[in-house]
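Single-structure report; data block below.
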Amino acid sequence: MHSFPDELLQGYANFLSGRFSREHARYRELAQAGQQPTTMIIACCDSRSAPETVFDMGPGEVFVLRNVANLVPLYEPDGGQHGTSAAIEFAVNSLEVENILVMGHGRCGGIKAALDPSMQPLDAGDFIGKWMSMLGPVPGQVGQNSLMTASERQTALERISIRNSITNLRSFPYVRQREQEGRLGLHGAWFDISTGELWVMDPESGDFSRPDIAAQ
Amino acid sequence: MHSFPDELLQGYANFLSGRFSREHARYRELAQAGQQPTTMIIACCDSRSAPETVFDMGPGEVFVLRNVANLVPLYEPDGGQHGTSAAIEFAVNSLEVENILVMGHGRCGGIKAALDPSMQPLDAGDFIGKWMSMLGPVPGQVGQNSLMTASERQTALERISIRNSITNLRSFPYVRQREQEGRLGLHGAWFDISTGELWVMDPESGDFSRPDIAAQ
Amino acid sequence: MHSFPDELLQGYANFLSGRFSREHARYRELAQAGQQPTTMIIACCDSRSAPETVFDMGPGEVFVLRNVANLVPLYEPDGGQHGTSAAIEFAVNSLEVENILVMGHGRCGGIKAALDPSMQPLDAGDFIGKWMSMLGPVPGQVGQNSLMTASERQTALERISIRNSITNLRSFPYVRQREQEGRLGLHGAWFDISTGELWVMDPESGDFSRPDIAAQ
Amino acid sequence: MHSFPDELLQGYANFLSGRFSREHARYRELAQAGQQPTTMIIACCDSRSAPETVFDMGPGEVFVLRNVANLVPLYEPDGGQHGTSAAIEFAVNSLEVENILVMGHGRCGGIKAALDPSMQPLDAGDFIGKWMSMLGPVPGQVGQNSLMTASERQTALERISIRNSITNLRSFPYVRQREQEGRLGLHGAWFDISTGELWVMDPESGDFSRPDIAAQ
């Protein structure tokens, strides 16, 4: 059997001597006060797409859900166990976040799997297949775009999926209501893991473009 | 409606001038080669408990699933959409990780909710309630410990839940098989968000203790 | 037959040349004035948990009762010989201490015995069994927590017992009265014999936590 | 209400930076191995008569019971709760100590109370009175020695009591047996809290004299 991974212990030691030594008062404060992040980020499990890293976020700042391909299901209060829905319910109704960001990224393995009609299930249970089927007929439609390259279809679906997730966020009554009341903003972003570029979604058009951050 | 949060853009600018400027070659490499993290971490959405922060992990190093209270359901290939199961299936069968760490933490809101019998659902759909019911009768049993303080029951359930999640990991056939073949290690850890201490689970006894990291 | 243990004579010689040579005036003074410690500590006999060591206390500072598992019985003036009660009566009514500290510790042999239903009496008289039965049904209840590890149950009962001892202190009329009048404070602490950490009990919640002693 | 006494926290800080910083490995070792002290000391609660101080004993070295006037009752397996007997049972049958030292001291408050026929009970329960009555008619007999000064009677009774405690130790079957088999030694000592002198009891005559420690 494996012993606890050395690289994790070494990393933890770095955390203690580095970040934690500087921020220990903040950790204590956050423990006592409770967490009060104003933003929820829904991101992918991908090792290259960590929100805290990309947005340089410290403790207490962002409530983060990560699943395969940063998907948001439709609001379905059917008595089943829905992890992503539970996190949204908690973030909006308990933490009362002011922003939800759906953060997709390039070269997403889940999106790639959804676009590949010949892909065999990884397991008889085919959880990935069922999970990605949340996108319905969309991957199939995108996949038919033979004039686009595979890479272009990949990026297209990644961004369509972000827009779709934001639409599904609005199917949650309390999300819709708060957005209409101006108490909650929904945002989309796409992170290019190769170039480090962040593309932000225009809420009106749904287009992704790079913000001018030179003056930040 | 809200514009894209300034603090996220500011943070992204910090990332670009800081970390990314140092690691841009690595990002490019990872994009081309594909991600090959050897460790999957299942952590909580809590803003104070980010695995990349606590373990000082950079891009490409850890595949991270985050849900409320870092729960792992039993293996149930019933055709439903199971996000956590999909991530596990992907990590083990596609990425072939060598380690899965279930990382719990102190003052977990999900665990607190599970221990509070009087708590009203945050929404008619009660996703949190259904999600936390994955723990079955366990919170109720822990909650009956009137001899322990509320805080002691909280910590006890956080750790019982980590052990329970690891047990549930083994209900996935491919997890069990790889563990038996010595190709996959399952680990537990509990992060004290107040003191920054990491408690690591002993695989034999299930006890949590602090590793000696002085020599790291 | 054994001669007087050498290590005790050697230790006594160290005391004479070390501590006593520095404090001999104080010893003389204390002999003349009588002892006036302001704190009583009720601790365990365990060789690793000596109050004078842990609190760096010198002569005249603390009145110390030590019994197995630092238990305090209920006030029962039934004419029997009650050593712990006699010490409390003396400390409060004669020495008029201002504080009583119940000091428990990790890996307590008495607590371990109380949690072990299969343990055979050490002797037909079973004094340990009868002594630990002062805890009533509590060890049995804690022992039923199969979800917790043996080590977690041990620590839980050690702390429950400290809280219980403090409750029993209040069953002494003169303790209760003086506490209400603000002339006597009751405190709890748990000493981790492995790490040297002292956990202090919060009088409101009963929770144990480590005080911030950096500034001491 | 009183907050946790500052002098105790300050003393604990001294322990951490002093003794514990030098001996932390020993503490860890003792925690893992369990305590294995070879000597039990039965001493008085008096703040001027701490065995660890007088014998310069560190963690793991001595198992210490402290009660008022370092009394040992007769072996009475009558089903009652007997703290001193429980500690003796544990030390001899579980820890299997090789030596038991009964350590009395000068100016003992309990002995003084026993010698004072006019002394009113400190409380209706009169635990001290009942406890000291363990000495039976002896204090009364010593008290009749009008040719001796009060102080001489005090010292006389302190030493008679030590001899009496040792006799009572032998009423425990397992103590008697082990002593006869040469596996357990019983010792007496009397500590002069004014001069710091240690008087050791001669096992044959019962006389107390000061050992030659110059060569130690």
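For clarity, chains are labelled A, B, C and D in written order, and residue numbers in each chain start from 1.
The criterion applied here is as follows: a residue touches a chain if its C-beta (ideal position, glycine included) is under 8 Å from a C-beta of that chain, and two chains touch if they have at least 3 such contacts.
Chain identities (UniProt): A, B, C, D = Carbonic anhydrase.
These figures come from a predicted structure and were not determined experimentally.
Give me the fewest steps it takes to get from subunit B to subunit D if each step has to go to a chain it touches.
Minimum number of steps from subunit B to subunit D: 2.
Average the CA atoms of each chain to get its centre, and name the chain whose centre is farthest from that of subunit D.
Relative to subunit D, the chain whose C-alpha centre sits farthest away is A.
In whole angstrom, how far does the Cα centroid of subunit A sit from the Cα centroid of subunit B?
15
Please tell me the distance, in whole Å, between the geometric centres of subunit B and subunit C computed from their C-alpha atoms.
The answer is 40 Å.
With centres defined as the mean C-alpha position, give me the subunit A-subunit D separation in Å.
That pair's centroid distance is 67 Å.
I'd like the Å distance between the centres of subunit A and subunit C, where a centre is the mean of that chain's Cα atoms.
Centre-to-centre distance between subunit A and subunit C: 53 Å.
How are the chains arranged in terms of who touches whom: line, ring, star, complete or other?
If you draw each chain as a dot and join those that touch, you get an open line.
Touching pairs of chains, which are they?
Inter-chain contacts occur between A-B, B-C, C-D.
Residues of subunit D touching subunit C in their complex?
Spelled out, the residues of subunit D in touch with subunit C are 1-5, 7-16, 18-20, 24, 27-28, 30-32, 34-35, 37-40, 45-48, 50, 52-68, 71, 73, 75-77, 79-91, 93-94, 98-99, 101, 106-107, 109-110, 122-128, 130-134, 173-174, 179, 182, 184-185, 187, 189, 193-196, 198, 200, 203, 211, 213, 216.
Within their complex, state which residues of subunit B touch subunit C.
The contact residues of subunit B facing subunit C are 138, 141-142, 145, 147-152, 156, 159-160, 195, 205-207, 210.
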